[in-house]
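When the chains are written out, they are named A, B, C and D in that same order, and each has its own residue count from 1.
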Amino acid sequence: MLHLTERSALGIRNDFPIFSKPTARGKRLAYLDSAATSQKPLCVIEALDAYYREYNANIHRGVYGIAERATEAFESARARVARFINAEPAELIWTRNATEGINLVAYAWGNANLRRGDVILLTELEHHSNLVPWQLLAQRTQAELRFIPVDERGFLVLDALDRLLDGCKIVALAHVSNVLGTIVPLDAVIPRAHAAGAIVLIDGAQGAPHFPVDVKSLDAEFYAFTAHKMLGPTGVGALYGKRELLESMPPFLSGGDMIRSVEYSHTTFNELPWKFEAGTSNIADAIAFGVAVDYLADLGPGWIRQHERRIMGYALARLGELEARGLHVYGPKDPDATGSVLSFNLADVHAHDVASILDTEGVCIRAGHHCAMPLMHKMGWQATARASFYVYNSEDDVDALIGAIEKAARIFKV
Amino acid sequence: MDDFYRDYILDHYRNPRNFGHLEAPTVSAEDLNPLCGDRIRVELNVDDRGIVRDIRFSGKGCAISQASASMLTESVLGMPLEEVAKLSKDAVLDNVGIGISPTRMKCAMLGLRVLKSAAIGTLAGWPDEE
Amino acid sequence: MLHLTERSALGIRNDFPIFSKPTARGKRLAYLDSAATSQKPLCVIEALDAYYREYNANIHRGVYGIAERATEAFESARARVARFINAEPAELIWTRNATEGINLVAYAWGNANLRRGDVILLTELEHHSNLVPWQLLAQRTQAELRFIPVDERGFLVLDALDRLLDGCKIVALAHVSNVLGTIVPLDAVIPRAHAAGAIVLIDGAQGAPHFPVDVKSLDAEFYAFTAHKMLGPTGVGALYGKRELLESMPPFLSGGDMIRSVEYSHTTFNELPWKFEAGTSNIADAIAFGVAVDYLADLGPGWIRQHERRIMGYALARLGELEARGLHVYGPKDPDATGSVLSFNLADVHAHDVASILDTEGVCIRAGHHCAMPLMHKMGWQATARASFYVYNSEDDVDALIGAIEKAARIFKV
Amino acid sequence: MDDFYRDYILDHYRNPRNFGHLEAPTVSAEDLNPLCGDRIRVELNVDDRGIVRDIRFSGKGCAISQASASMLTESVLGMPLEEVAKLSKDAVLDNVGIGISPTRMKCAMLGLRVLKSAAIGTLAGWPDEE
C-alpha cells in the first residue's frame, strides 16, 4: 500500500476492481452513491476469497488447524475494528448492520430500562433505522418520543434541548445525516444528555466511514455502524457499547455461542462480547471488515475527511453554477458543516427521472426519500436526488455529474 | 432509459390529461409507490352499464408514473369496468414504449395498479355480481 | 456441471478449492466437520467475487444499472432458495443464520401470542439455538417449557406426546440432531401438534443441507435453516413461514427496507417478505446462497441422501471394528435412522484430545458438547467426538478417520 | 499437537497428583472451560503465614487440562499465596512444554485460572490487606 502523500483518489481507484471496467453502456463509472453502500477494494474481496479457499471452518470450538486459523482471524478483525474507533474488543459486538445494532439496544436495553412516561429523544433528521425501532419500543413500554427540531437549512435547533431532555432516558441521534449531510454537533448534545441522566446512542452509519471516531472521547454509551458503507462487505456491522452497560443488559438474540452453560430449564451467558452474538457469526465478512478498516486506517480518517471536504467544496461550487437552470441544493452549503452527502433537485424534474438519465451517462446517484420520509415530509420535498462521495471519488466524478445533470436539463427542457 | 424520455412522454408529464378531481366520482382508489412514496389517486365515473364515462387522476410523481397514468386515463375512457379490471401490463407498455428498467417498472405500473384496484373493488362490491 | 450419474464424491471434491491443497502439516484434508460448517464450491466463491467486482450496489431503491442488477440477483436468489424447499418467495425471509430465524419467531410470534401457563414443547435433543430462545420467551411470558424425552439410543419417546401437547401453543424441534444424527419423526409429530392446536417450528439447520425438504407437504408453520451448513457463505440463513402467520405477526427488527410509510409518530410496514428484513440485507451472501442451492439442486437432494447414507453405513462398520479397543459410538446405529453425524468416544480419552491428535493427520472433527449441553448431561457424556459427512466426503475420509483414531489409541495406549 | 502427548503428560493425566478433596480447605474455587464445559475445582490449605501447605484438585477433563493442573499443584506447594496470585502463563507452559494450539490453550490454563482466582479472592478477603 502506498503512503498517504503519494496517494490520490485516482491511485485509490485502482485498488477497486469495479472501476476497471466501463458500465454496460460503455461509460466510465462515476459512482456517487457511497452513502447507500461503498465499493470494495481488492484486498477486501481477496480476504473473503482466501477465507473460503484456504481456511473456511467454524470458530471458537474447533481444535483443528483451519478452525484455529479462522478463530484467530475473526477475533483479530474484531480487535482491529475496535481499535479503529478506539474501543476495547470486549466492547465491540458484531451485528448484521447498523440497523441491527440499534435494534439490539432498543430491545435489550430498552425493554429492561424504559417505563411508561420515560422519554426517548431523537432528532427530526433520523434515518428510519434510528426511528422505527424507537417507535416500536415506545409502543411496547408506553414511553414518549420527542424530537430535536431541524431548521430549514438542515441544522439541529438546540435551544430547547434542556426542556426536551426532561425525563429523558435515552437520546438516539445520527452522527451525520444521510440526506442533508449535516454533521450533528455530538459534543454539544452528549454532555447535556448525560447531565440530564440520559444515555446516548449514536447512529454512526454515516459517521465512521468518513470521520475520525474516538468513542472514548465522544463518551456516548453506544455507537452503531455498518461495514458495507466503509469498504467492507454486506452482512456485517458493529455495535460499540460501554462495558458496564453491556454487562448489565440482558442478552438479545440467544442460541449457540452466547452461552456459558445451559440446562434444560435455564442458561448462564457468556462474557462480553460473545454474550450478544448468537449462532454462527458472519465469519468471512467480519474478517473482511477487519481488512477494510485496515485500508481506511492506512489512508487515515483525517486524510479521508480532508479529501471529501475538498470534493464537497468543488461540488458545491459546480452545482451552484446550475442554480440559474433551476437546480436547488439542500442542506448546509458549507463543506465544514457537512459530510460528503449532497441532496438536490433540478427544477420541476422528479429526482427519479434525474437519476435515470444520469445512469445513462454512468453516473450513479440515489433518488427518493433516502429512508428518511418524515424529514422529507417536514421539509416539503417529494423526493431528492443525492450524490455522495468517498475515498475513490474525485473532481472528475463531479464533472461527470454536472455533465449528466445538463443532459437531464436538456431532455426536460429546463 | 434515455430513450424513454421522448417528447410525447414529456408532454404527458408536463400536461397530464384528465388530471384533477371529479365532483362525485362513482369509484376512487389511491396507492403509493413503495420505491419512493409517490402517491396516485384515480377517480372514475361509471355509468349504469358499467362503462367508464369520466376519469381523473391526481398526485405528484416522476415522469414515468405521471405520463403512464396520463396515457392510461385516455385509453380507458369508454371501456367497460370488467375490461379495466383485466388490463395487463401491456396496456401501459403499449402506450409508453419500451426502455423501462425493472425498478422503474414500479413507477410505470403505479397508475395501472390503482386503476385496477378501483375497478376490481367496485366489481366485487356490486350486488348483482355473482 | 456434470450429470448426476457421472458424479462421484471425488469429482465433487474438485469443485471445492480447499481440497486442492494439503493441510499445514502436509496431510490430505479429511474434512469431517460439515455439521459445524460446510466447505464452499468454487461457484459460490465466484458469485461473491463477481458481485463485489462487477455489480456491488445497494438494492431495491437504486435506479442505476448495477443497482438494478444487484436487486434482480438478490430477489432471484430468494426465489431459488424458496423453490429448494418448495416455498413461495414471499414466505422466505433472509436471516443471519438458523439461530436468528428461531429468535425472530420467539420474539415476533412468541411475544404476541404466548400467555402465562401456555406450553412451549421442545425435545431433549435440541441445539442451544432451539432451546435458549424459548427459555427466554418462557421467562418473558411465564409460559411453561416441556420436553419430548429422548431414550438412550437417541430416539424420541412419543408415548406421552398427547399429554405433553396439552395446553401447548408451539412445538419447536430439530429436523435432525446435530449430536446423535437422529432423524426426528416430523410426520408423526406435526399432525398431532396441529390437532392439539399448536403450531410447529422446525430447526432445519441439519435438515435442509442433507434431506429433501418440501415445506408444503411437511406442513410445519416455520422452517429455519442456515446457508453456511449447505455450501453457502457465512452470514445468511432463511426462515420459511406460512404466509398468513407471517402476515398476522408484528415485525421484529425494524428500520430501513421493512417499511411502507413512516411518519415521526408511527409507521406502516412493507409487505412480505420485506416486512421482516430491516436495514441493508446481506446482499452478496444471499446471492451466493442462491448459487449454493443451485449446486445442491443439481446434485439432487435424493442423491445427496443416498450418498451420505452409504458413507454412514461404511463408517458405522469401520468404527464397529474398533469397539474392541474401547470405541463407543452413540446414537442410532442404523444409517436409515440417522443423518450424516456420528458421535463417539475412544475409551477414557477425552474427545478434545482425540480431535487434537486427529488434526495432526489432517482429519477435522469436532469435540465437546456440540451446543447441546443438556442432552450431553442427560446422556452422562462429558464430551463426544463427532465426525460428520457431506457431499464431498467419501470412503477415503472414513479410512483417514480410522487411521487417525488408531494413532490416538496408540498414543494413549488404549 | 501430537508432540504434546508425551509420556510424562499422559502419566499426569492417568495418575493426576494431588487429585481429590481436602477435609477442611482454607480456600477453594471452581470454574469451567467455556470451550467444552469441563470443570476444575481447586482446594487449598494455607497456613497463617500465607503459605500453601496442601492442595487438591478435582474435575474431569482432557489430558491437557488435567495434566496441566496436576503439574501445577506440585509446583505451588510451599509457595506464598501472594506468589500464587501473580503466577503467569509460563508457570504452566514451563511445565508442559510447547506445542499447544491457541484454542487448546484455554484447556491448559484452566487449572491456573481457578488456582489464581482462589488465591486472589482470598488475598482480597483478608482483613489485614491494605
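Everything below uses one rule, namely that a contact is a pair of C-beta atoms (placed from the backbone, for glycine too) under 8 Å apart; a residue touches a chain by one contact, two chains touch by 3 or more.
All of these numbers come straight from a predicted model, not from anything done at the bench.
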Of the pairs B-C and A-B, which shows more C-beta pairs in contact? A-B
How big is the gap, in whole Å, between where the Cα atoms of subunit A centre and where those of subunit C centre? 31
Subunit B and subunit C have mean C-alpha positions lying a whole-number Å distance apart equal to 47
Distance from the mean Cα position of subunit D to that of subunit C, given in whole angstrom: 38
Any chance you could list the residues of subunit A touching two or more other chains? 61-63, 65, 67, 261, 352, 356, 359, 367-368, 373
Residues of subunit D touching 2+ other chains? 35-37, 101, 104
Would you mind giving me the full set of chain pairs in touch? A-B, A-C, A-D, B-C, C-D
If you look only at subunit B, which of its residues touch subunit A in the complex? 1-2, 4-5, 10, 35-38, 60-64, 101, 104, 107
Touching residues (chain side subunit C, partner subunit D) in the complex: 349-353, 356-357, 359-360, 367-369, 373, 376, 382-383, 407, 411-413
Subunit D contacts subunit A in the complex at 32, 34-37, 101-104
Contacts from subunit C onto subunit A in the complex sit at residues 17-18, 21, 23-25, 33, 36-37, 39-40, 44-45, 48-49, 52-54, 56-58, 61-67, 96-100, 102-103, 107, 124, 127-133, 135-136, 145, 147, 226, 228, 233-236, 251, 253-259, 261-267, 278-285, 352, 355-356, 358-359, 363-368, 371, 373-374, 377
Could you list, by residue number, the parts of subunit C that touch subunit B in their complex? 60-63, 65, 67-68, 71-72, 260-261, 270-271
